């Protein structure tokens, strides 16, 4: 099992969500984060002009079986892409085990009914 | 006694002006609450700026266009900041303020329908135009003594219908004009990105703060107690004090009936009473009663409120689901449709000359012709204006700005930090 | 002069009505701020709907129950939407509106105590009942010329106490009735899930937005300047203009004293001045002064405010920690306890017939009997009503709905998006 | 007629008092919106408490200091809660309330500049001092009939300038005093942690909710329609009703011009129209017009508004970037700088005795001397007061409390949950 | 050391928190997330009826020593369970090292004073 | 590649951010979390005095190449430290792969232009 964590543009979230759902990735979790990177935004507040490097982003977390890793990443890479600075990153890491709280089961099977 | 009576009338008028001014934050909060937080600064700014433009332009020019003489009942002379032409008993400065806040109300209605995607600079252009001539000219026809209100027995209206057009506080003049312009603006802009799916189905874009929107509606409701009763422009003497009391009562009953109608319709239709529509329902009742609040009975007011509250739900659905016009706050239904409805129903339910009370269809005809002319004027101006802006400069922000929010790109600041 | 005087009085009354109407969003924001965001839509909806029900029902029936004649001082005749029975100098429509907003205030008080767990439909039933008969009947006893206010020298009150019951603007009639019903409603509902630990200890369920609650209190404070000074129902003539000024001053001083007392008590008791209670303290002072704002001196007003502000803290603690009744906004303490306290203290501190000024205990007795009867009436109605609802339909939503929030299940929308 | 005229005046005065009271939440929301959410409870509490202190202290003592006699035009006698000394036609209780809300306005201005780092208990001490003597004494010089307003032909002002100091509604007396104290308070406190980088560059600390701030400004704007037109203290008779209408118009035009000037200046200067400054710009115009709203023409009002709106932007920049004084809401610029500017410009633009209208420089001199003395008095009091507090007890909270927010440490509760 | 990430119902959070604390799991971190899965909620907004698959959930993160893994998961499975769709998931992954910022220490010991 | 997750005091966030940026750690992500631990805060609400163990904290997530692990942790340990209870924790775990959405690349190189 793998965990995919993608940090993407807020404006791309709806597209990514729909692309994921239509690629049979039916479960995931996301939350708002602040990203610091090369992007900059110009701001003014009460006469102080400044450029902030803190950009609002969405972090999506998907845990999937190994065979689904490739296609899922492809979907995200394709849909979240604009080509401009600030597109974000995808991080992949290992997950040892997964439990379904509803059924109490664990292991690969929990992620199987995905489809 | 007369001397002090005029003073009392002045106080009443100024109080009403304060209350109508107070509707500005009502509109601002309503619009801000019904839209997404990424555009809130832009929305607040628009609502400040249209009052600013409105106040200045109406003072310098619009007031004269509206109340000045000449022009065969079509348009007055611009006053260029000079108020001496006005000959009424009430102090002209107070009267100017009173009329200014009505003009600004008309201007601000449009903002909501065009929210979340309009270029700020182009909104300024639009806003200037409505305060400069669109509103003052049709205002001249009616409140300014123009052709729709010419009571001379040989006037066009009197000789055709035996009655003049009546719009007590502006269902037609203020609200329907705002509503029609809102609709046209929304058409020219096109829907917000993501509002309609590829299948053409309307999607919900929930407002970010219904508490603000609710406060906005309460503020508007309060302001309407200046808008309608204040339009009597007098409180002294038995006739006037009964009139303002009557108007106060009908205004409140219509608001209440409108809200209740909408609540129960949504309850039946969707299984749940919807706050987001009930808020509009209250406003629908208020807009509807505004034309005839002095002429209809309390029960008539309840009827107008109920009709507006019911029609509202279907109108919003029709404009959204069938016409695919994206009006984030429902301004075209609330102010446009219900403004027209209220004006027309006054012709039916007026206790002194309405068709349902056996006075024949003359007055009803006058109301229909009046609202038709006024809204055709608004529509024509809107078409020219928004078409022109669109061609010359573009009305809408880039997709990217729309996605990331107007606040950052247009104003460089965010509302919530 | 009289002619214009009545017009001035009408303007004053309508201004007051606007301000009292304005208390509706005050209550709404206060309640919304003191509760959790998952129930905010429901709370806003309740506050709209009780004003709507109140306006319509009071217009059609309640107004007659309250001010109509007949019934040996216990109840008037319903008016069925007809206002012609009323014989006062002020325009009846204006007077109706003025009384309507007071009725709606009484209704809306209860909402806060029952927040976050009441079925919306059952709240409607309750709300209809209070506007339909609970409030109008006890209102008839007092402001409607009924037995508690019968000044005929052979009336029960005069012959027993030598004085009639006095409640200038409604500490008893409006607030304590609302407070008592709030308490009974909260008892029948039971506490919110999680409010009391297994050990029986009270837990804090912090409100989601104290800025909204504070704005609500400021709005209520402002509205009270209509509530109390407006209840004079006249401004013309020396007596009246001094009276309204006096009432204005005592109202403000009591509010201020109430807030300060609460602030310092919480500072001493908990080591920190608490905003959430100080907000209630201001309201406590306002509720307390409402009965006697015309009779007590400014210093008397400060005393009433201080007493209410101090008692409030202990009352809230007692009701919460000892009685284990869960009243999220403190309505039973603020409106119930302080309403009673204010009415009783008027019997002591009235400069024209109070016990402390050497006028004996007759007036004090009248106040005590009056508040007793009024609140017994409210309590009896409340018991029957809430017991009936509970048995017949259930008063409270399911645990699951309560946990997930009423907004989604009862209204299908969330406040913040 | 006179009898009823005084009643009308009383109603007008009380209405104005309600509107000026309403400015309290305006200031509270403005300040809360422009600061961070971790200090919101503290800010709301301060805004309640300064009105409470102000009301009580002004009633017991300040009113006498301000309007009592004796003291050779420098200070009146304290009244110790007794109002009988006052001899005017208007009811003294109403007049007291009217003056109370002005005093509270002056007190509350300072709160914003000292936000996010002041000990709550020390804010109470400051707040008591301003209501107790700082404001009443300079108020005595002017509105209380003291030396600056002594119209006797042999008085100092008349013999020196041929004219007395004129400040219609308090640009100098209320606003500039608040602004000067705000500046001194901010200097003594020092900037918020993190406001200036190690390189000395000013950093932005964005306010947490510009929607609240905007609502606050709308509320203040509305309140100003009581503040200025109400200061006429009369509405009856032709002179008065024209005066209040005139003041209403100039007040609104200056607000509008101020907001527009600021918007366009920021648009040009920063490339984007800034809401956070435009909000201040509206207030700048309002503060500026307050001194001369009765004397300048509508066009004069526009000019005052424009000047104030333009100067404001540079003043805020100068105080922040050059002087490195941290004023989170811009109170020193809005109320201090524009208050002074407005007072001085009245000397130029008054149509009845201003320098630009050919009446020579006498009145201008009187204005300059007046504002100088008033602000020197405020500055002197501020220096002593804040220096004293700083030495005796410390004015500022610990760094840790400032970092974590005053809400938790000073009040034990958070605003948003 | 293991990291336990549990995505649970918002309404179950208080119960889970108390159960964890009373099972000597004294340290953890949580934040609000949006979960996408099989759950649906019916909504209406201004006349548009729709059903959203975005559900508000709470994500709890606990890092614990290996021997605590089993009991911690048991607690969550037991308390967060309702049996209806939408109960959520628990993900387990490896943690290489843990530092305490206060003491500067690292390794298993940092998590040991859990008692 | 390693993932560093640091849970720190909210009040220390600005300092840590600046320290990271000036140590050439130019990319990271952070979000608000609630921490439960030994810290307590005294509260009063409407007459109920209580002490909450739920403290607002910031969680910083940094993915970096292995050689950067040590210095990054050192920076955080140094700057986020106060010595009082509640300073927080740093957790380190393995990351298998990283993708840049903008370029589509993956692997160590994605994190290399960090400098």
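Note that the chains are named A, B, C, D, E and F in the order they appear, and that numbering of residues resets to 1 at the start of each chain.
Following the convention adopted for this analysis, contacts are C-beta pairs under 8 Å (C-beta built on N, C-alpha and C of every residue); 3 or more make two chains touch, one makes a residue touch a chain.
What you see is a predicted model; the values in this text were computed from it and never measured.
Minimum number of contact steps separating subunit C from subunit F: 1. The chains in contact with subunit A as well as with subunit D are B, F.
Where subunit A touches subunit F, the two copies mostly use different residue numbers: shared numbers make up under half of all numbers in play. Interface comparison, A-B versus B-D: the pair with the greater number of contacting C-beta pairs is B-D. The distance from the centre of subunit D to the centre of subunit F, each centre being the mean of the chain's C-alpha atoms, comes to 45 Å. With centres defined as mean CA coordinates, subunit C is found 35 Å away from subunit B.
In this assembly, the C-alpha centroid of subunit D lies 52 Å from the C-alpha centroid of subunit E.
Among the residues of subunit E, those touching two or more other chains are numbered 31, 43-45, 49, 93-94. Annotation for subunit B: residues 1, 4, 8, 11, 15, 206-207, 209, 270, 272, 274, 276, 411-413 touch two or more other chains.
Shown are all chain pairs that touch, namely A-B, A-D, A-E, A-F, B-C, B-D, B-E, C-D, C-E, C-F, D-F, E-F. By the touch criterion stated above, subunit D contacts subunit A in their complex at residues 34, 202-207, 266, 270, 272, 274, 276-277, 280, 313, 316-317, 320-321, 330.
Against subunit E, the residues of subunit C that register as touching in their complex are 194, 400, 403-404, 408, 411-413. The part of subunit C that touches subunit D in the complex is made up of residues 1, 4-5, 8, 11-12, 15, 19, 36, 206-211, 214-215, 218-219, 221-222, 225-226, 229, 235-238, 240-242, 244-246, 248-249, 252-253, 256-257, 259-260, 263, 270-276, 278-279, 282, 298-299, 302.
The touching residues of subunit E, counted against subunit A in their complex, run 2, 6-8, 31-38, 53, 57, 59, 73, 76-77, 80-94. For subunit A in complex with subunit D, the residues that touch the partner chain are 43-50.
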